[in-house]
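Listed next: structures, encoded as structure tokens.
Consider the two complexes below, in which chain A is the common component and chain B and chain C are the respective partners.
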Partner chain A sequence: MILHLFYKEWLKTRWFLFFVVLLGLAIVTYIFLDVDNNVRMKGSFNYLMNVFYGIPQANYYHSLIKYVPLLMGVCVGLSQYVPEVIDKRIKLTLHLPMHNTVTLYMMLCFGFLMLLASYAVVFGTFFYLNNLYFPFEESWAVLTSLMPWLLGGVAVYFMIAMISMEPNLFYQFLYGIVAFFLVKQFYIGMEHADTRHIIPALAIMAFVPCTALLYTSYRFIKGER
Partner chain B sequence: MTAKVVRIIMVLLTVYIGSIVIPDFYRTSFKRNVKYVTLNYSEVTKQFVIWGLKEGKLLDTLGNEYTRQEYERMVPFSSMAQLMKRGEFPDTVDGVAVTPQLVAANSYRHIVNLTERGRYYAMTPLVHGGTDRVGYIYTNDMMRVNRNGIEFYNCETNSVDTEKSALFDKELCGLGYCPPAKKLYGQSSTGRSRDDGLFFIDSKDQLFQVKYRAYKPVCRKIDLPDGIKLRRVECEPDHPEVVAYLFGDNNGVYVLTVDERILKLDLDVFDYDSFKTFDVMGNLFYHMISIQKDGFEKLYIFDRDYKLVDKYGIHSDVYEKSGAGVAEGFLFPFVTTTFSYVNGYYISTEGQPFVKFIWLNLVLAGVLLWMKRRKGLDVKNVFNVIDVLLVAAFGIFGFVSVLIYPIRK
Partner chain C sequence: MEENVIECKNLTHYYGTRLIYENLNFSVKKGHIMGLLGKNGCGKTTTINILNGFLQPRSGECLIYGESTQNLSPDTKRRLGYLIEGHIQYSFMNIYQIEKFYSGFYENWNREAYFELMKRMKILPTQKVSSMSCGQRAQVALGLILAQDPDLLILDDFSLGLDPGYRRLFVDHMREYAKAGNKTVFLTSHIIQDMERLIDDVLIMDYNRVLLRGSASEFMEKFKQFTFDLDKDDLDFKTEALIVEADRIKNHYEIYTYASREEVEAMLQAKGLAYRNFTPVKMTLEDAFIGLTGKY
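And now, the complex of A and B:
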């Protein structure tokens, strides 16, 4: 049953996932074409000096990828929940011979795994290429800057799942405001920051909303208006 | 039951988000510039001069008032350009003959931002001196001290220069270094008259200095005074006498000089965690160190040998004492701020005095209780009681959060 449920989710999300991953890979390709061009023009050492101590354009060579995790979270979340809730097909899902909580968490789990898979493809490629051009220390420093953005994508996915299941439009709007200010915290001017000390706090903020689906789905099941 | 527990979790998350967003809106609406006060020291009158206490006037610590022109004559070194423009630059200051060239050669300033949290790369270039080239040259590699010891990573070949690395490793092993390094410090670069190489603190909190001269490593272990562990090494590459400022875990600040002495600065109130700026200035007569945090500045005057001559601290107006700041204390039980200093980012949560906000919290808890009764909810139900307690504890944040997530009858 669970595999069938996963297949249903896959049918809904596959094209969105495909295009968002394609977009992510295109951005990664563009970033490293630029890096490659700079390395050829300036030499590896000089370009690395630019990245470490130089002008912001060199420091922030990876900044184009900043909102890709957010876009991935939005695409997976919207494609998975919005059509199903709007067309009321979610009611059929909730009548499957499984406990509702298990059903909903399997959906959430699928979306989260798809999000991780798309992260793995896009950011795996990013770090593979990054390690070809830069030493490990630079990649590690970039990863610490990227972590809040990756967590932001997770947070937005969980918040979309929660908001989609809410039956009342007014409360959807209120949760939308909470989601906006929550996700904003992951994207405050950090292109070049050492974020290691705040990653635990941001991780808690990203993963706490994964429970929220239970609250709004309960209201949905009970027929709140 | 599960849904109601989840609701409480979401309320708590919203309280936290609210503690960032609501005070931010409040401060954007009501926070206005407060009057800042800054200090300087007159080489002529040997008095501290205070900017900002009185509109358009300067005061010294004796209460005398000065105009801007008088002030500029009192601080001829920092006002040299203005005095020269008016043709008032003196031939002697305090009995010492001065020229603009002499003043310029002895003036320096170095501002250390104590809150900076920029990205740390754990590798940095080490320039090579004493070759057949003039000055210093880059060697196309970067130095790092990892678990394998000291390594020079060649950027062009993406590989470690084992020969050069072994040369430095052997030298440092003789000095008893224990890799990996906790942190590298230094600004080893070409184009300067002096290169101090790089510094690193090893895993046993020992400080080492590494330089590369005439194809040979020049390394030394720097014995730290008072048994301190270092929190930061701030290099001073442009000062003729100073190599670095060392910030110890005892809140002591030490000056590492070019003749390898370590001098402790007598900064009585300095605390690395609470102060935001460490501002070092100097001229022909004095070294001046200003330490600053919100609403407070203290200026220390040292002679050329870093002996304390005078010190003076002054408080500025702070937002917390302004009308909006006082009102904020009554409105919010705590405020979470997201800081984005020079490339850094951190979150800080600061509480308010309990006696201020508790009254609003209790009123809001009462309002919530009344609303719940009016809706016909069972106010003795454990989750309704928790709601009221959340509002009593978190005040306006709790009130807003509880209302965002409705509770079923």
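And now, the complex of A and C:
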């Protein structure tokens, strides 16, 4: 049953996933074409020093990649939940012979896994290419400094799921405002930074909205208007 | 004693402060087809939503196979077929995909029944639900229900958007399917003439109250319409104990009643009214519904 539920989710999200992964790969490719050019012109060590000292060029790369996880979260979330919300098709899904909570969390689980898979493809490629030009330690540092943005994508995905299930438009608007300010916290700053100390707190912030789905879905099933 | 598949007890519901109904009671017996009739806004979809567990009533409860509709188990959901108003289905799927999706949830899934209907309707397996007409969507929804083979069907306004041909096709299929398999059906429709061919029992609702609950054929047998002419054109029969509903165009009167012709004529004579052209009118279910609820 769960595989069949995943099949439905896959049918909804596949083209959006394809598009967003392709876009992410295109940005990564563009960045590393530029890096390749800089490394050739300046040499790997000099260029690495530039990056460590946060020159505008490095910030420029970050500005390109920064919102890719957010876009991925939005794409997966909207492609998965908008078709369910239109004409209240979620009623069909909740009518399947499974417990409602299991159904809803399986849908959420699918979206989360797809998001992780997209991250794996795009940021795995990023990590791999970075490793080709720079030492592993630098690549690892870059990846950890990207973590808040990756978690931001997760947070926005869970927020979209939660807001979609809310039956009242006004409440949706309120949750939207909360979501905006919550997600904003993941995208403060542009530079390389040691984010390791705040990752646990951000992870909690990213995963808390997935529990709020229980509340909005309860309101939906109760028939709140 | 016949088993009650649906049992609703003391249902009361409000939207805000607006009362929809109070202490509504009804049950649907195994193998029966019950039609819920009522004017717009009298609570038909509210009742369907409560039955499907998508609305919690202010008080009272509905049971399906003995389980509260607010908390149906997967096994009971498996026995329940549900048609959403407007034949809503997953529009991003095509005919093949939607069958493949649902087949994983139901043990006795009958894919032949589904594809046979699709073939008969000349719907291609690659055709997307979003590109279909309302009539074709209705057939897809019907095909999925036939393949699921549920014991209880809840159909919300099944005739919405369908032309007469599709409506007739849907009704005939549904009747044959339900009667052959001893299925229980609870349905609503705006088009009452379709119901006539389909239902055994009827529940007629008006704003905040139930007007009728019982066998449709018995109702049609007992409920009568008479027309007659009088010299006067300002009489109102609605207040008469015998009369359920009355209407008048100039001096031509039409009345709806459970009383016999003799009783109505005796009432007119007792009032000293010189009536002419007294005629019993043969009614359809729609006429009877209008007669019971009024035209507006």
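Assume the second predicted complex is superposed on the first by the 217 of 225 C-alpha atoms of A that agree within 3 Å, B and C clash if a C-alpha of one lies under 4 Å from a C-alpha of the other, contacts with A are read in each partner's own complex, and residues count from 1 in each chain.
Going forward, a residue touches a chain if its C-beta (ideal position, glycine included) is under 8 Å from a C-beta of that chain, and two chains touch if they have at least 3 such contacts.
The structure presented is a predicted model; accordingly, all values stated were derived computationally and were not measured.
In the superposition on chain A, no contact is made by A:A26 with either chain B or chain C.
Using the contact criterion defined above for the overlaid structures, shared-chain residue A:K222 touches chain B and also reaches chain C. Of the two partner chains placed by the overlay, only chain B lies in contact with A:T195; chain C stays clear of it. Touched residues of chain A, counted separately for chain B and chain C, are more numerous for B.
Using the contact criterion defined above for the overlaid structures, shared-chain residue A:A120 touches neither chain B nor chain C, since it reaches no partner.
Once chain A of one complex is fitted onto chain A of the other, the partner contacts of A:W140 are limited to chain B, with no touch recorded for chain C.
Looking at the shared chain after the overlay, A:L64 reaches neither chain B nor chain C.
Counting contacts as defined above, chain A residues 222 meet chain B in one complex and chain C in the other.
Chain A meets chain C in the complex at residues 1, 3-4, 7-8, 11-12, 83, 87-89, 91-92, 94-99, 220-223, 225. Residues 43-45, 48-49, 52, 101, 132, 135, 137-138, 140-141, 144-145, 148, 171, 174-175, 178, 181-182, 185, 188-195, 197-198, 201, 205, 208-209, 211-212, 214-215, 218-219, 222, 224 of chain A are the ones touching chain B in the complex.
Listing the residues of chain C that touch chain A in their complex gives 15, 49, 52-56, 74-75, 77-78, 80, 82, 84, 86, 88-93, 97, 100-106. Across the interface of their complex, chain A is touched by residues 2-3, 6-7, 9-10, 13-14, 16-17, 20-21, 117-125, 138, 140-142, 144, 153, 155-156, 158, 338, 340, 343-347, 404-406, 408 of chain B.
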